[in-house]
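Labels run A, B, C and D following the written order; every chain starts at residue 1.
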Amino acid sequence: MTNLQSILNKQNTLSDNKFFKLLGVSPFGVAVFIILALSPLFIDDQYVMHLLISSLMFGALAIGFDFTVGFINIVNFGYAAFMGVGAYTSALLVSRLDLSPVLAMLAGSILAAILGFLIGLLTLRLRGMFAAIMAWFFGITLMSLAANMVDLTRGHLGLNVPILFPGAGRDAYFYLILGITAVTYIVLRKIINSHIGLAFRAIGQNIEAARSSGVDSTKYRVFNFTVSCFFAGLIGGFYAFFVGVLTPAVMHTRVTVEILVLCYIGGRGSLWGGLLAAFLVIPIFEYLRPLMEIRLIIYGLLMILVMIYYPGGLAAVYAQLVDLIRDMLGMKSKSVTG
Amino acid sequence: MELSAIGDILVAGLLRGGLFVLMALGLSLIFGVMNIPNFAHGEFYMLGAYFAYFSRTLLGLNPVLCIIMAALGGFIAGSIIEMTAFKALRKRSKGNWVMNSFLLTVGLSILLQNLAQATLGVRFMGISHYWQGSINILPNISVSIDRFAGFVIAMATVALFYLFLHKTKTGNSIRAVSEDEDGAMLVGIKMNKVHTLTFALGALLAAIAGAALLSINPAYPTMGLAPLYKSWFVVILVGMGNVWGTVIGGFIVGIVEAFSYYNLGAGWQDVVSLMVIITILALKPSGIFGKSVRGVWDR
Amino acid sequence: MSNIILETKDVVKKFGGLIAVKNVSMQVKEGEIFGIIGPNGAGKTTLLNSVSGVYKPEEGQVFFKGENITNQGAHVLCRKGIARTYQIVNSFPRMTVLENVKIGSIFGSAIPQDDDAKAREILDFVGFPLPVDTIAGNLNTVQLKYLELARALATNGELLLLDEVAAGLTPGELTEFIELIKRIRDRGITVITIEHVMKFIMTICERIIVLNYGEKIAEGTPEEIVNDKLVLEAYLGKEHAVEAE
Amino acid sequence: MLELKNVSAGYGPLQILWGISLKVETGEFVSMVGPNGAGKTTCLKSIAGMLDVTEGEVIFKDAVINKMQTSDITSLGLSFVTEEGCLFTGMTVAENLDLGAFILSDKKKIKELQDNIFDLFPRLAERKKQLAGTLSGGERKMLSIARGLMSNPSILMVDEPSLGLAPNLVDSVFDALITLNKKGVTILLVEQNVHTTLEITDRTYVIEQGHICLQGLSSEMLDNEHVKSCYLGIV
């Protein structure tokens, strides 16, 4: 018991350390990152590497999704389409204009961010639910464009994307997505921990009170969409090079829904919840791949059960566990997730 | 554009629109009475199509009976789902009901779609026709009887639905709940019953839409998404809880779609539709029939 | 005469066909506690909302420190110095008490103040009884009222609008609130308060206006108001007013 | 007929009622007065099952009803006319009345009730086909009372019927309540318009900050100083 207490205390003092504060990641998070970074040294199985990459990719997408739904409380139902915009843009820039992949991915994210800015403006006057529906319409439209601009995207035939690291194994992709995930998490976490994050939460929890406390809801809503879509575009760029073939299906509502489910199982408003959920859910589902429908049935059921019985998701379980342990050790409760 | 082409577009648009009207009515009923933005509405459309398909191919029923079977199936599926999932959510949900129930319907949509896929597979299950042949509805425009019958069935359902809502005690109690929940409870209306009935009726309307068009759109697991999208479109366009508004809105969407299909080719309708809705919302943020949209838009 | 901090000129606010506020003009002096009373549905909250930028009045103007602020948004007015609380207490339920107050001091103040110290000082000033890291969603309504007041004060406003802070308070709590509002005034903040609880408004306000059916029917000191025939009529009914004469 | 024993209630964490006890006998016309925010409406709402009673019991016709749902309480014969009216504004006057009789199935009885109501409020008969939302304030009040009567209740609870009405309309609404009471309907009335209320009712409870601070015959309360101080803070 006392052992546990000292660990918890240590974690607390460590968390207050300048370095971790600056990084915006807890010591535990850094430890996980280091373990992940070292894992290719021990894992030979390419299939396992593939699973890790998929988990990181969907986890990163879920982080970006949660940045909107978990804080300003609007479901960006067209999220996958913004990811697709990033994917198509970077793929096309590399294959048509021979741009360097790094620049191309950056360009893709910027275009996604611009579109995110637009959808932010477009949904400004709408309440949560209707903003979600509008974002959905927007996403469907983007997908239709991708499917119909056949000259550019080859539509449903699929666009072949040049290989990013010719000759290299999966490890290279792994480190790239690990980097992207880390950057996504740290940047979004830094924003959330700043005043801007406070404003987001204020808007998400009580828009009227936020306005009358001086929060410019317009500005922050649009900013949130822009940033979230930027990262969706960035991860989309990675997706393009990783998968190698792009079809409009990547922008489908189904993909948004998958990310949404991860995010909710993980617990909205935690950022890391979706990432954790991805690591738990994606490998199981990959394993069940031959039983495609069954895994999605589980997905649907999980979503229904989480919504009814555990709307806080894994993050709430974690918070309760921490509280429980602290209670057992007679420490003062520190959790703020409620 | 030639005059006959315009006629073609209008007819095609009206016929398509009939389907959107049915779907949108169910959606708007469920939202208006229960405050659930139903994302699984398309799955009831899908269920309806399957029910009709099996009634036709396995039981060999006549077309009208097939559609009635589909309606019954949708109704029963809807009531079971309401009594299990939504009742449980209603008991436990604290605040933010609209968003939580919406996400529940997202889960429901995934579940139903993949249950269908797991049990029935991904192949199209369609019939060549309910009724053979075609008829001339205008001197030089002919349509297949099935398409026309689908339209007639849709309109008859709308009319019956309207009469039910306005002329029966139960229908009145549903309208009462959507008008004022407290008032409804105070006159002795049992909310649980109305909620179950409402959800079941919404599902029934969607199922009829799916069944009526079986010969044109064969049944397959993911067929519900497009009609769902269109019915949301209608609802955003005209606002909630307005039967005649929904009818007009459904036709408008049908015609806009037929028009863009004719002029721009398949696939571009979505782009045109989005442009239309952005323009309308920019000009009149509460939808074309304005004021009846209560509590939907931010100040 | 001291300076006028807030002035409304013939403000009209309609909802559909209903005229909620009818040509109301008032002048609030710097440093006073000003009351708005009237029966249910008299348009008090609507008037407050029209002043604080929640609603845009159809007609008339609102001046704050001589500047025409009609039609400006709530968040802009907040930064200019108009803070307010709501009848149905508003909070950010999934934030801590401290964060709730910081929202006010960071976003609502003309010069953002980002330190915990400021927020703590305000919570101390209002006498908030619980630890500052309590989650707002777990507070009871009285605590929420203190919290909302603290958040409003954190914006460094010069004018504080209170909407029925006294509703639902026990007599003891009421006395504490009266003391607090006097202390707020002593900080140099002008207070406008809407109230139902007569004891509250009569002990605390220097001047009062009375609204009935959206119209101003009386204005004056508490003593003048209590003896006003129209006011008695609005509250007690016609016959009683006649008797009182 | 109706009895409250030590009832406490409120909205979520906010407790409004602190141990209210009161009684209404069959045939009585009882009123509850008190300043705004004292808890009168809260009291009626907790009787009608629209709020959770946290402590105490509500007894109606020998049954404990404070755990029952509003619709079931209505079926027992308690009718509550709220301050807002809770009318179905998008439906016609006739439809509103029909729904008022939702718990009844005897067509003849419904017709009879409706005829009585049209006798009482002839204006409603003229406006049968009109949407409730297009009625004037006074007509709405009448309609909400009328709708409350359509369920043939043993007791009618009316919340602030005079609110927002022009004086002449207030009189006609009160006249209607007097007539009803004379016809044998038990009434529990909540009012701000103290003077008139005290004149027309049998007994009165004065409620202040969630407590009953005074009760007795209405006639004796007319000149009570406390009643006056409750309202305007003249001590």
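Following the convention adopted for this analysis, a residue touches a chain if its C-beta (ideal position, glycine included) is under 8 Å from a C-beta of that chain, and two chains touch if they have at least 3 such contacts.
Keep in mind the model is a prediction, meaning the values are calculated, not measured.
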Distance-maximising chain from subunit C - centres being C-alpha averages: B
Between A-B and A-C, the pair joined by more C-beta contacts: A-B
Length of the line joining the C-alpha centres of subunit A and subunit C, rounded to whole Å: 43
Subunit B and subunit C: spacing of chain centres that average the CA atoms, whole Å: 48
Geometric centre distance via CA averages, subunit B-subunit A, whole Å: 33
Intercentroid distance (Cα basis), subunit D paired with subunit A, Å: 55
Multi-chain contact residues (two or more partners), subunit C: 54
Subunit D - residues contacting subunit C, complex: 10-16, 35-37, 83, 160, 163-164, 167, 192-196, 199, 209, 231-234
Touch list for subunit D against partner subunit B, complex: 48, 50, 69-72, 74-75, 79-80, 82, 85-91, 95, 98-100, 102-103, 147-148, 150-151
Sites on subunit C touched by subunit A in the complex: 52-54, 73-75, 78-79, 83-84, 86, 90-96, 99, 102-104, 106-109, 112, 114, 133, 135, 137-138, 151-152, 155
Residue ranges of subunit B in contact with subunit D within the complex: 169, 172-173, 175-176, 179-180, 182-191, 241
Footprint of subunit A on subunit B - complex, ascending: 37, 85, 88-89, 92-93, 98-100, 102-104, 106-115, 117-118, 225, 229, 232-233, 236, 265, 267-271, 273-274, 277-278, 281, 285, 296-298
